[in-house]
Structures are given as structure tokens and as C-alpha cells.
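To keep things simple, chains are lettered A, B, C and D as they appear, and every chain counts its residues starting from 1.
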């Protein structure tokens, strides 16, 4: 049975990775998961400088989902390279580093510093552009394109992944821009902006008011978006959003994902990644599938309906 | 020994309409908790409720651990309806713990409401001359009265409505106590609702009284990965699930 | 206690209505709910001609939500006026009629035929425009504007509500267009395009492949959107999306909704509308609120956080 | 009498690993179901599972109704874990029913798998000379064997693997039966998996055999409002929850 997949230059021994921000820097879950068994570890978003993140409360549970407004608290580039990366390098797995910046320059500096030292760089574009008055990089197509183009120039040895936000005005044209600007892959979906209110205090449940919705609630939205993007571009997709089981992962894969990332599910069951991997193997065995890649985009459909 | 286990419900005993004591069987050879540590419980196969919920280890032996739980919403409702023989997911012990007192300290254990669950074990596990200050709305909200009677040390009960013990907050009562006795080497161990914590913090900072407070924050992962459960301390953002739940009063 | 709200010309005795497509033509629920107690009954989307809708299967349950691709099966305008409306007119409640067309002309004809005979007309703009090659009315702002302008001319006596789709490229600019073109109110949110796959057959769960996601899963998204739109326009909002309890309804109201619509919850508990109404009354009593309208948009927040 | 009620679980008896019989107490004065009618059950307070699930009335008295249920996914798993004393939401009876036979008809009751739940009551409720054709994968998937032994009429068991009775499908066996006996006035009442229904439909249309088939479709509202549960018939889209679940074979 061959589970190997390729995302740009990065060869993954299996299609299972973690979603940025839900698996810490790997170490936090090493007690529950043999990191050697993962196709890749994707770490919490890294910024140039360390960040404190938003004021608590930062999380709130909603039906079959959760809101978070962590505000990208992280140790910063330097500490990551010194303290976190060496640990991960001790395992036989790929390291994907999610990066974020407030300016294109910050992104470039991060990309330069990481290029060649990590297997892949994942661009988190759901950040406010401080130079452009705080609008999101993902909400203006011209800036979005410029960001990818500039970062691409600086990512020569690592694989470049762009993480798309489901709240982008058009996820399809963003996917096309990624392909045109030479990104190696797309990862999707990021959380969906959402909100909850404490009716007793009349205040938002999160101090940031709006947070990102993740978890099984959003899975059907993620699967639909992956399917649409898969029909639109040829670069590989890392699918995520509410994957709790191998069956959920296979939905993403049949819709067109080459690899899958486990996010919120790590919180619910820290061993989810391993269960998903085993479940995919079982499915392939039961269906007598030798090569994992034959499943990618394997949805059977026709325009008349099913 | 993994901290992640399936655990059998041994019994589940209602104390009031809302409060109950859930006893789970610990897998053989499990780590024992320390006072102030907690476990993350998950009792369903569905995704609503989704996340594990944190509860302090209230009482334990080598074979079992008891949780003293107050029903708040969906998660605790599910736990309340568990019956002997059911199996649930258990992650823990988690978090840091109340540092054991050194030498001949006087232990001032301060509990408000369900906060008793977190500090009660100190009375049993840590040696020292202990006083329990335990407050609640009214006498029927004071839980585990039998266990408290059995405790050989001093107990000071407080109720908002004066239906038993001192009429007023535990923090007021603590202040009276300290003013009267001025214990030389005292250390506070506390857990309770936000209002109590705020008052206690202010009082302790005013007087230089030393000690530890257990805090609550909503948790997602419980293992330090999500950065969801932080509190802003004088030493920066601290994760309640890893660097907490117990914090020295100085950093708060 | 005053629960009266005004949506355009329509006065509702309380802020609770039903979401189009989830309450049939009212009659189906009369066994469980005293229709006289509703602020309004919103009926299934009506087209000029009767429609058969999509091939089954049309529904599928997802975590805390459901997909539907009913495809707007309905009795058509004529049968609605002859068979369904007279029944509803027997109750002391408002009737809101959701309409849909494949061309602007169809919308206009529907609006003309219904104007003055029903209390409000709700424009469902999530329909493909057959003249423009099937693109959605909601996905092109110029057509969206034209649609509202033309329909507005023909809705003189009834209240005109425009129902916004959460998948619109920008819900805020659509809301602004509604206000500019004189719509009396906005209702939101419609379902979110989504998809699920049967991994055994490798086929979509719905014969239409993509369906609309509704139910509690989407509530935090709906509340966020209502809050954003409430900050942007001054016309009233009918909030909906995953309301299961009075608490959920109050979240929408505090976020800025003047009225609320119960959708998927009717399927889960046919008496939800009445429970929501009673729960709002209890909340007002407990909080000593005399006038319902003081709750609308009553969220307490500041830019620094909560 | 409202069709929407809270109902107490009287008992819940496992038949196999997956199948069980759930007995609910009917509120006094409830409407009784007719053969082929169903109820919509909902057993949790959470929203996962979200929607009610439809199940045929398998057996009933004035005081209770039994459901014969096969575990498929989340909804049926919750039902399987119910215990006596639990309360659940019950909506029904819903849908149309198998029209009672007129005069001296021969009743050919055809059940595949869990489809037995929908048609079994015909044997008890409707008078007439009945034959039960009941098929399943293998002998241990044939349920309620005791009830079937107690039935005084003719019983024809079929299994795919031949482990008991006829080796092959119920539809093949029905064909043999009809070819042998050519009953004059026969009427079919059937329920079963899709493959069986398709084969049966084809056979009945070929031979002009008349009768009724109970169909399944996913349901949301169960009251005719959502248009979710339709089947395409020769008379247009029909809602299984209102115009069904029982359809005359001619329209299918």
C-alpha cells in the first residue's frame, strides 16, 4: 500500500498533517502521538517578533464547533528556530511552518529565514495589513497577488503553500492567483469569522468580539470549497476544516485534497491524527486500493445530479 | 503510563439539584494527582458538546478519583446523567498544583462555592495546621458537610445570607481572622468565583499575605497547544492548563 | 410588556417569524403551533410556475446542521393565491411571501401579483439568473441592484424584504445596495453552500451535489454577519440561522436583529417558535425590560475588546 | 390528542449486536397507529444528532408501542443506549398506512431485513389468509424468530447464504410461490432494502400483481413542510412522510 504524496518538493510518507495552531509546536502532543508517523507537522503561526496575542477569553464552544481569537500568540521567529525547530528535526517527519506578518516585508523576512530550513512554508493570509490600514491580505486581490509573488521569490528551497480563508470574497479567484504566482500548493480552509454573545452580560463571548469558527460544524463548507478549488486549479490542496474521523478525511480527499490536516479534533481526542491515518489505511485495504493517489478527487458525479 | 485513558464510572451521587460527585475508576498504575491538579473529561461520542471539560481532582485513592461537579451547561449535564458502568474519556492529571507548605506553616484554605473541589484535598494531603474558610450563597449551597465535619482542623463557614456561619464573604472573614490572630507563617490556598478571587487578590496584595490561587479559564486542548486558556499575568500570558491552574498571588 | 416591532409598513405583534422553506405554508404546523401567536408566517419560496424541485435525495444531516437541495419545489403563484393564502388569512398574523425567479421579469410579475395581498414580500436572491447564463442574482452587484430597484417599483403596498446570502462576495455592500434602493428590510442569513460525500459509493450525499447548510452549526456565522450589517445600514434586519432557543434568538437581537426567524429548529421541535417567544418574554421579565425594541443591537462592546 | 409527546422508555431489549426492540409508553388516550405508519423519535438534548429519526410502529397496545430498530449511525446509537425510565420525544403516528385488504384476499407480506418492522403488524391487524415472505443475509439476521413461530399463517424464510429456508432473495421465492399456486386475489404488502424493492417493483409490474410498498427517504420535518423526503412517482414528487411511506406499486 502506497500512501506517499507530494506537495511541491515535499514528499510526505502519508497524507496526514496537523492544522496550524492546533498542535502547538509538536512537542505538546508527543506524549500522545508518535510524531514520526505523521506525514508532516504543521506548527502554530510564527511572526517575526514574539506576540502576546489577544486578551482572554479567547475561546468559546458553539454547536459542533468552537470560536477562537488567539490573536496569533507565538514565540517569534528567533525562539522558534532556536528552541522549537531542533526538537521537531529529531523526528522523521516534515515540518511545515505557518507564517504571518503585518507587512509584505515581514512575510519576506520570515520566508527568507525559514527557506531551506523547513520543508514547507505555509502563508497565513488572514492577517491585517498594517500598512494598508488594517485590511486583510486576503481581502484585496492585488495585495494578495503581490504578497504571494514576493514571498515566492524568496522561497527557493522549501515548498510554498498558501492558506486560503473561506471569508475571502472569491476563493476561486484567489486559488487561481496562487497557481499563477507559482505557489506549490493551497491549504484550506482557515476558520470562518463568527461570533457569540453572552445574553446575560450582553457582551461578546470573546474579548476580540469576532473569532474564527472551526470544528465539525464547518466541514461541509470546507469540503464544498475544496471540491470547487480542485475543479479550478491543478496545484495540490491540503484539505482541512472539521476533520474528526478517517471518513471525514476521505470526504476531503475524494473532493480533491491531496493531503489532510487535523485541527480542532486534536483538542477533542489528541490521538485523532493516528486514528485518521489508520482509518485511511483500513479503507484502502477494504476497497483494495493500492495507491492512495488514486483516491484524490475520486468523487463520482455528473452534471445531471449524482 | 499514558495520561489519556478510558475510565469506568463507579458511581455518581447527587448532592443537590445541580451538584454531584462522580467517581471514576483509575486504570491500574495511573499517576495520582496532586492537590489543585485537574482532569479533562469527555463523556459522549457526539460532537455537541465538543470539547473536553476540566474538573479538579476532588478526592482520590490509587483506584479511583472523585470529581465534585456543579451543572452549568451541556457538558456538565452529560456528566450528571452518567451511570455506573458507563465509560468516559479521561485526560490527566493535568496542570500544576498547590506547592506543599514548608515547615510549620499555617494553611489558610479559602474556598468559594464549587471552588471547594479544587482545595479540599489540601486538608488531607498536606501536613500542617490548617483552617478551612468555606463560603457560599446560603447554607444549602455549602456542599460535602459530612466530609467537613470529619475534618479535624478548624472550619469557618460563611454565607451571603447568614443562614449559617458568618454572614458575609470568605474574604471578609479571612481578614477578621488574620486581624485577630496575626499568624506568623501563614500561606493561603484558594479557589472560588471571580468576585472572590478579585477581593482576595486585593486583600493579599495589601497585606503582603502570601499564597496561591487556582484560576479558571475555558480550555480547548488542555495540553498547552492551543493558547486558548491564557490569563494575563505580570509575567506575560500564562496558560492555565500548563503554567496553571495554580498561580502565586504575586503574579496575578 | 411591549413586543411589537415594525418592519417597513408591517407591524408584528412580536418579533418571531418562521424561515422560508421550513414551515411549509403554515398549515403543516398548525397542529403544533397557534399561528395567531406568531409575529408573521413566512412561507416557502414561491415561483411564477409550480416547480418540481431537485431529484432526491435532497437532505442530509451534518454535525449540528443539515444540507438541503430542495430546489425550490413549490405550488406556484396561482395555486398559492387560491389554495394557501386564504387559509393563512384566517389567522391574525402577518404573511411574508418569499419569492424567486429565473429572470427579473419573473420577480416583477410575482411582486405585482402579491403586492397588497400579503404583508411582506421577501426576495430570495440566491437563484440562478437564467438570462445571464445561470449566475446567481446575488453574485453580481449590478444585477443585484437592478433586481431590487425593479421589484421595489412594483411593491407599493406591501413591505419589501431582501434576503441576503452568506455566500455573496460582500454581504456588506449588498446590504448597502438594499438600503440605497429603498428595500424596507433585510433578512439574513440564507443557507451556506456546502457538501457531503458518501465515501462508500464515492458519490455526493445530495443528488444536486451542493446543498445549503442550515441549523445550529451556522449560528455563530449568522450572528457575526447580522452584527456587521447592523453596524452598516439603518434598515431593520430579520435575523436567522440556527436559532434553536430563546437564548439564540436574543443573540441575534443583541447583535442587531429587529425580528428573528426560526428555520431548521421547526424540524427538530415543531413548537420551537412558541418556546422562543415565551423565552424572550421571560428574559424581558427577568431583566425588567418593558420595551422589546430597547434590546435591538444592545450588544455592549468597545474597540479595545469587550 | 396531540401527536407530539414525551414518552417514557419501558424497556429496550437487544436482539443482536445491532438490532433491538425499544418499547415506549404511550400517553393515555393516544391515537393508535395503523400498519405501515411510523413515528419520529428524538432522544437527546444536544444537536448532534440533530433531526428526528423515523421508525415504523412494529407492535403496539393501547399503552405502549414497540420499535424494531437496527443501528446505523448516530441517531440509532443513541436510541440503542436508552434505558428504562429515560424520556424521549415522540411525534406520530405519521404517514399513511397499508390499506386494509378487502374481502377474501390473499395477503402476501414481503419483508427484507429490517423491513420486517414495517409489515409485521399486518399479520396481526389485518384479517385474511396471509403468507409472510421474510428474507435476510443469513439465518442469524432473521429477527423476531419467536414471534414468527407464534404466527399461525404460512411463513417462508429466505437467506442469501441458504443458512435457513430458501437460498436466494424473497422476490425470487415470491415468484416461485406465485407460479406454483397462482392465487386468484392476491395483494402484496412489502418493505425492504432498495435492491429488494427494485426487483419486486419490476416483478409486480411484469405480472400485474397488485400491492403496496413502503419506501424510505431521509426526513427532516416529518410533517410535510420541508419537501425533503420526496420520491419521484408517476404522479410527480410525493412526500414519503405524508403521501407515503406506503405507495401503490403502480405509481412507482
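Quick note on the criterion: contacts are C-beta pairs under 8 Å (C-beta built on N, C-alpha and C of every residue); 3 or more make two chains touch, one makes a residue touch a chain.
Computed from a predicted structure; not experimentally measured.
Asker: Enumerate, in label order, the chains that touch chain A and chain B alike.
Answerer: Touching chain A and chain B alike, sorted by label: C, D.
Asker: Which chain's centre, taken as the mean of its Cα atoms, is farthest from the centre of chain A?
Answerer: The chain farthest from chain A, judged by C-alpha centres, is D.
Asker: Just curious, how far off is chain C from chain B if you go by their C-alpha centres, in Å?
Answerer: Their C-alpha centroids are separated by 46 Å.
Asker: Compute the distance, rounded to whole Å, between the mean C-alpha positions of chain B and chain D.
Answerer: Each chain reduced to its C-alpha mean, chain B and chain D end up 53 Å apart.
Asker: Starting from the mean Cα coordinates of chain C and chain D, work out the distance between those two points in Å.
Answerer: 37
Asker: Which residue numbers or ranges of chain D touch two or more of the other chains?
Answerer: 47-49
Asker: Quick check on chain C: which residues sit in contact with 2+ other chains?
Answerer: 55, 63-65, 215-216
Asker: Testing understanding: with touching defined as stated, what is the shape of the graph linking the protein chains, line, ring, star, complete or other?
Answerer: Drawn as a graph, the chains make a fully connected set, so complete.
Asker: Give the list of chain C residues in touch with chain A in this complex.
Answerer: My answer: residues 54-55, 62-65, 67, 169-170, 192-197, 199, 201-204, 206-210, 213, 215-221, 223-224, 227, 242, 247, 250-251, 254-255, 283, 298-301, 305-306.
Asker: Please name which positions on chain C make contact with chain B in the complex.
Answerer: It is residues 63-64, 216 of chain C that touch chain B.
Asker: For a test of understanding, state which residues of chain D touch chain C in their complex under the given definition.
Answerer: Touching chain C: residues 2-4, 42, 47-52, 89, 91, 217-232, 236-237 of chain D.
Asker: Considering the complex alone, what residue numbers of chain B touch chain C?
Answerer: 47-48
Asker: Going by the contact rule at the top, pick out the chain B residues touching chain D in the complex.
Answerer: 44-49, 74, 77-78, 83
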